[in-house]
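This is the structure I want to talk about, given as C-alpha cells.
We call the chains A, B, C, D, E and F, going by the order they appear; numbering starts again at 1 in every chain.
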Amino acid sequence: MWINPGGSSVDDARVRGVLENVKRPDVGLDVVHLAEGPDNLEYHYYEYLVTGQILDLIRKAEREGYQAAVIGCFYDPGLREARELVRIPVTAPAEASMHVAATLGHKFSIIVGRGKWVPKMEDNVNRYGLERKLASFRILNFTVKRMRREREGLERAVAREARLAVEEDGAEVIVLGCTVEAGFSRQLMRRLRVPVIDPVITSFKYAELLADLYSKLGLSHSKIFGYETPPKEEGWLK
Amino acid sequence: MWINPGGSSVDDARVRGVLENVKRPDVGLDVVHLAEGPDNLEYHYYEYLVTGQILDLIRKAEREGYQAAVIGCFYDPGLREARELVRIPVTAPAEASMHVAATLGHKFSIIVGRGKWVPKMEDNVNRYGLERKLASFRILNFTVKRMRREREGLERAVAREARLAVEEDGAEVIVLGCTVEAGFSRQLMRRLRVPVIDPVITSFKYAELLADLYSKLGLSHSKIFGYETPPKEEGWLK
Amino acid sequence: MWINPGGSSVDDARVRGVLENVKRPDVGLDVVHLAEGPDNLEYHYYEYLVTGQILDLIRKAEREGYQAAVIGCFYDPGLREARELVRIPVTAPAEASMHVAATLGHKFSIIVGRGKWVPKMEDNVNRYGLERKLASFRILNFTVKRMRREREGLERAVAREARLAVEEDGAEVIVLGCTVEAGFSRQLMRRLRVPVIDPVITSFKYAELLADLYSKLGLSHSKIFGYETPPKEEGWLK
Amino acid sequence: MWINPGGSSVDDARVRGVLENVKRPDVGLDVVHLAEGPDNLEYHYYEYLVTGQILDLIRKAEREGYQAAVIGCFYDPGLREARELVRIPVTAPAEASMHVAATLGHKFSIIVGRGKWVPKMEDNVNRYGLERKLASFRILNFTVKRMRREREGLERAVAREARLAVEEDGAEVIVLGCTVEAGFSRQLMRRLRVPVIDPVITSFKYAELLADLYSKLGLSHSKIFGYETPPKEEGWLK
Amino acid sequence: MWINPGGSSVDDARVRGVLENVKRPDVGLDVVHLAEGPDNLEYHYYEYLVTGQILDLIRKAEREGYQAAVIGCFYDPGLREARELVRIPVTAPAEASMHVAATLGHKFSIIVGRGKWVPKMEDNVNRYGLERKLASFRILNFTVKRMRREREGLERAVAREARLAVEEDGAEVIVLGCTVEAGFSRQLMRRLRVPVIDPVITSFKYAELLADLYSKLGLSHSKIFGYETPPKEEGWLK
Amino acid sequence: MWINPGGSSVDDARVRGVLENVKRPDVGLDVVHLAEGPDNLEYHYYEYLVTGQILDLIRKAEREGYQAAVIGCFYDPGLREARELVRIPVTAPAEASMHVAATLGHKFSIIVGRGKWVPKMEDNVNRYGLERKLASFRILNFTVKRMRREREGLERAVAREARLAVEEDGAEVIVLGCTVEAGFSRQLMRRLRVPVIDPVITSFKYAELLADLYSKLGLSHSKIFGYETPPKEEGWLK
C-alpha cells in the first residue's frame, strides 16, 4: 500500500504511473490518499494534521493482509508512530532513498523545494545516521504547489541544481527530495551521467524487499525499545 | 503557562508545588492539563494523540498574552510544531535541561524510566546537538504510572542510578529524564554532591529567561526556515 | 552471481541452501568460489590474495549478462575495486546488512568472530557513514574454521552475545558479522524476539533490489569520482 | 558582577547602558574592569595576561556575596579556572549565547572580527558540544580597536555578514561574536527578521537564571572531576 | 627503504633528490620501484595491481635489516596489509603528513590532482581520525602524468589552490596530496607564508622517527587485533 | 629545551635519565624547571600559575637559538600561547603522543591519575581531532604526588589498567597520560605485548623531528590565524 499523505488525489495518478513501470509483476500495488487534509506537508503542523489518518490506513493495511506500506512523503511523517503500531514493514521515501543512495556512491545531495524543508530533513539525515554521506542540500525555490504546476520549469531547476551539486559539492549521487519530483530520474541520469534516486520508485522497491523478508523470514522492524507497541489495556489503541 | 500534556490532573499539584518555590515573584504561573488523552507519553502514538490539544493551548496562550509556554514532558512533544504556530517563546524540559546541564559540567547523564524511552530521547540529544555532552542514559525500569505510585522506591532508584552514572560513566551532572521525577533534586544534590537538574524547575526558569528576552527585546525563536508559519490563505490554521 | 571469496567449495552448499528458500522465483542464482586461496579472510593479506580472482569473476559476470554480483564476505573485500571495473551493481554483506539493519531499529550490534576483525569492520562502519547506528561489536572468540566445525557451539555463542548486545548495549537489531554465521537467523529471532540480520540473505535480497533498479532504470553505482573506470588506453584492464 | 576583562574602562559605559534596559529590577549589577592589561583579547597571550585578575575578581565576588559573575569576553577566558575556584555560578558570553541560540533555531552563525579568532572559538564550539548547531563563522575584518572606533561601519558590516549567513549558510539565528558588537541586536532584528543574539545581554540574563537557581536550590557547576577546587593545604590558593 | 609503488623509475630521481637534502646524515636511504605495474595509482584497481609487489619489498626490507619502510604514494596503498606482515615500522605519505600537519595548525587543506581521488582520500582522513582537522580538498584537475609533464603549470596551480584554501576555507596548513607534487614546498612557503607539507619529506622524516623508536625501544605498530600476522601454519605466507 | 612546568627539580633527573638513552647523539638536551609554582598541574588554576614562566622560558629558548622546545606536562599547558609568541617548533606530551599512537594502531587508551584530569584531557583529544582514535581513559586513582612516591605501586596499577584497556575497551596502543608515568614503557611492552607510548620520550623525539624540519626547511607551526603573534606596537610583548 502506497499512501499519499494529503487530502486529495492530485498525486495518485503520477505515483501509480511511475510505479507501474518498475514494480515486480507478482506484487500488488494500491495507491491511496487521505479523506481530508492539506495537499502538501511543507509545515510540521500539516504533518501533525495528517498523521492520524496515515496511522489508521497503516493499521488497516495490516488487518487486510498487506505485506508492507509506504508513507509517500519525503519528510517520512508518522514513520516512527506507524512502526510502533504494526508489525508489517513500513518504509518511507527519505529513509529508503538515502540508504540506497549511500550504497551507490561516496556522497549524495538532496534537491529540495525550499529552505523551510532543510532543518527537518537534516534532522532526519542525522536520525538515520547518514550525515557523513550527505554532500549538500540544494534548494529549488519551488513550493510543492508550484512543483505540480510547472513541470518543465521544475525539471530544468532540478537539472541545474543537480549539476551544481556534482560540480561544487562533490556529490556522486543525486536524491530527489520530494515525491512530487518523481518521474524525472531517467532523463536526468541521461543528461547528468550520475545516479539519480527517485524517492517514489526507491521507497517502493525497498518496500518490496522488506515485504519479501517479512513474508519469508518474519523479519521486520524491532519491537524492542523504540517501536514497542502501546499496551492494549491502556485503551488508546482502538 | 505550564502544560501537562496528559488528559488528567494527576501531575498538576506536584508541578505547581515544585514551581511555587522557585518562580520569580513577578511571574505568573498557570498549570493546565488536557481535556482528554493518556496520562503518560511513553509511546510515540500517545505523543501524537495529545499534540493537537497542546498546540491549541499554546495558540490560546499567545492570544491571551502569555509571554512563554512550557510543554511539560521530557520528550518535548509538539515543540517544533508549536514554534511554527506562535511567536511567543515555547520551551520544554529536555531541551532546556540539557542545555543548562551542559553549562554546569563536562558531561551529563539522563535518568530515564525505561529502555523504550531511549531511542527518541537519544534522537533529541542529537537534534539539540549535544551528543558529545552526554555521558549515558541510565534506566530505572519504572513506568510513568509506577513512578507516580512508588515515590520512595523511585527516589531510591534515581539515587542509585545517579551514583552509578557518576562513578562508572564519568557524569558530572545528573538530568532527571522525566517530569514525574521532579521534586527530588534537592535531596539528591545533598546526597550525591553533584548538580541534579530538575526538568520541571529548569524548563520553567528557562521559560522565564526567554519571556524576559521576548518582552524586552522581541527575541524569540527564528521564523526563517524551520519554524516558518503556515500561510493563513491555505486555510488549515483555524 | 554469489562469489564465495575463498579457494574452496566449503561454504557453497550452505550459501545455496540458505538462499534457495528466500530468492525470488524469477531470479537465477549461481554460487561460485575461487580457483585457489585461503578458506577464510581473517587477515588483510588474505583479502589481497583473493581480490584479483574476485575482480575477474565480477568482470566475467558482467560480460555474461548477470544483473548483479555479491562478494560473499563480511569484510566486503574488493567492493570498491569491483565497482570501478563494472557497471552492473555489486554489493556485499556488510554494506547491505548494515543499511538494512539501520532501517529496522535505532541501533544494531554486530556479532564477530574475533577481536582481530573489529578494526577493519569499524573502519567499514565509518566508511558507510553508519557509526551512529552501531551499538557495539560483540566478540565470539571463534575463528572462521571453528565456526564451520562447531555449529552448535557457534549458535549458542551467537545467542549469548546477541542477548548481551540487547541487554547491555541497547541494540534493537542484531547483525551476524560473518557469512559463516548464516543460517541461524530464524531460530535466533524466535528466541530473542529481535530482528536478526543474516548477511547472506540480506545482501542477496539487496542485490535483487539493485538488479531490478538496474535492469529497469539503468540505475547503478556512480561512475563519477570514486568509481571511475581506468582508461582502456593505459592498458592495465585486459 | 560583570567583568570587562581589559585594563581600561573603555567598554564599561556601553555594557552598563546595554544591561540597564534588560536586567531584572530586583537584580543588582556591577560592571568592573581590570587594574591593568590590554584593551582587547585577540591573542591567547593577552588572555593569559588578564586571567589572574579575572580570577581575583571572581573570588572577591564570591566573598562579597555576589550570586553570579560574568567574564565579559566572547573567548570566555578563564571560565574553567574560575569554576574551579568558586562555588557561585560563573558564565561567559560564548557559552551562554551559543546555548541560547541553539534553542531558538536549527543553526546559528557567529559574526567575528578576524580570522585570527576562529580557531579558538571553533575549539570552544566543540568544547561546548555544539558544532552541529554551527552554520558558519562570518568574518568582518575588524579588529576590536576598529570596532570601537567605527561604530557605523561596524553595524553595516555586521548586517551584511549576517544577511549572508542566512542566505548562503542557512543560519536561522545570528550570534554577535564579540562583546564590542553589543548594542546592535534590536536594529539588526528589525532589518533581518531573524533572531540576533547580543552576547552581553544574553550572558547577563543567563547569569540571572543561574543566580536564581543557585540562591533557591544551591544549584551551580559541578565540583566533581573537572571543576574540583585545588586543596587548601597545597598553599597555592591564597 | 622508500618504495615508489609504480612499475617505472620515473619518480626515483626526484624523490632521491628531495630526500638527500633533508635526511639525517646517519640514516641510509634506498629508493626502489616495482618490477612492473602502472606509473600512477589513480584507480583502486591499480592499487590492487601493485600491492603484492609492495608487500614483497617490505618483507624483503625486514629480512635485510631495514629499520623502517615508506610506501611512496599518497593513497597509502597496502599500509594495513604491510603492517600485518612485518614488525618494522611502515609508514606512508598521507598518514604521516596529515598527523604532522595537525600539529602545526588548526586545520589543513589537501591539494589533490582530480576529483576521482577525493572519496578514497576522504575515507583515509576518516580512518586516521582527522576529519575535524580537514579544512577542504582542493582539486587541481591534473592527472599524475600531467603533473610529471607540466612542472611549471603544476606549481602555479598548486599555488593558486593553496591560496584559495587559506582565504576561503580557513586552512592554516597546506598538504600536498600527491608525492609527484614533492619539491615545491620551499618556494610555496615563501610565497604563501603558511606551512606547506611535502608528503615525501614528511613521511620520510616520520619514518626516521619511527625507526629511532623501534631500534631503541622496540616500539612499532601494535600486533594486537588489527595488525595480527597470519599464522605460518596456514601456509599463505611464503 | 625540555621544560618541566613545576616549581621544583623533582622530575628533572628522571626526565633526563629517560631521554639520555633515546635522544639522537647530535641533539643537545637541556632540562629546566620553573623558579616557583606547584609541583603538579592537576588543577586548571595551577596551569595558569605556571604559564607565564613557561612562556618566558620558550621565548628565551628562541632567543638563545634552540631549535625546538617541549612543555613537559600531559595537559600541554600554554602550548597555544607559546606558538603565538615564537617561531621555533613547540610541542608537548599529549599532542605528540596521541598523534604517534594514532599511527601505531586502531585505537589507544590513556592511563591517567585521577578522574579530575579527564574533562580537560578529553577536550584536548577533541581539540587535536582524535576522538575517534580514543578507546578509553583508564583511571589509576593516583595523585601526581603519590605517583612520585609509590613507583612500584604505580607500575602495578598502570599494568593492570593497561591490560583492562586492551581486553575490555579494545585498545591496541597504550598512552601513559602523565609525564610522571615515564620510564615504565619498556617493561610494560614486554609484559603486555602491545605498544606503550612514553609521553616524555615520544614528545622529545617528535621535537627532534620538528627541529629537523625547521632547521632544514623553515617548517614550523602556522602563523596565519590561530598562532598570529601579538603586534609589537601594542606593547604587551616585552
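The working rule: contacts are C-beta pairs under 8 Å (C-beta built on N, C-alpha and C of every residue); 3 or more make two chains touch, one makes a residue touch a chain.
These figures come from a predicted structure and were not determined experimentally.
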{"item": "Co-neighbours of chain F and chain D - touch as defined", "value": "B, E"}
{"item": "Comparison of B-C and C-E by number of C-beta pairs in contact, larger one", "value": "C-E"}
{"item": "Superposing rotation of chain C relative to chain D, computed on C-alpha atoms, to nearest 5°", "value": "180"}
{"item": "Per Cα centroids, the chain farthest from chain F", "value": "A"}
{"item": "Approximate Å spacing (C-alpha centroids) for the pair chain B, chain F", "value": "43"}
{"item": "Separation of mean Cα positions, chain F and chain A [Å, integer]", "value": "52"}
{"item": "Junction residues of chain B - those touching two or more other chains", "value": "105-106, 115, 118-119, 123, 126, 132, 170, 172, 224-226"}
{"item": "Set of all touching chain pairs, with the criterion as stated earlier", "value": "A-B, A-C, A-D, A-E, B-C, B-D, B-F, C-E, C-F, D-E, D-F, E-F"}
{"item": "Of chain A, residues touching chain E in the complex", "value": "105-107, 132, 170, 172"}
{"item": "Chain C partner contacts - residues on chain A that touch it in the complex", "value": "21-22, 24, 26, 91, 95-96, 99-100, 102-106, 126, 128-133, 166, 170, 172-173, 185-186, 189, 193-198, 201-202, 205-206, 208-210, 212-213, 216-227"}
{"item": "Chain D to chain E touching residues, read off their complex", "value": "115, 118-119, 122-123, 126, 137"}
{"item": "Chain C residues within the chain E interface of the complex", "value": "38, 42-49, 51-52, 55, 78, 80-81, 84-85, 115-116, 118-120, 123, 126-127, 224-226, 228-230, 234, 236-237"}
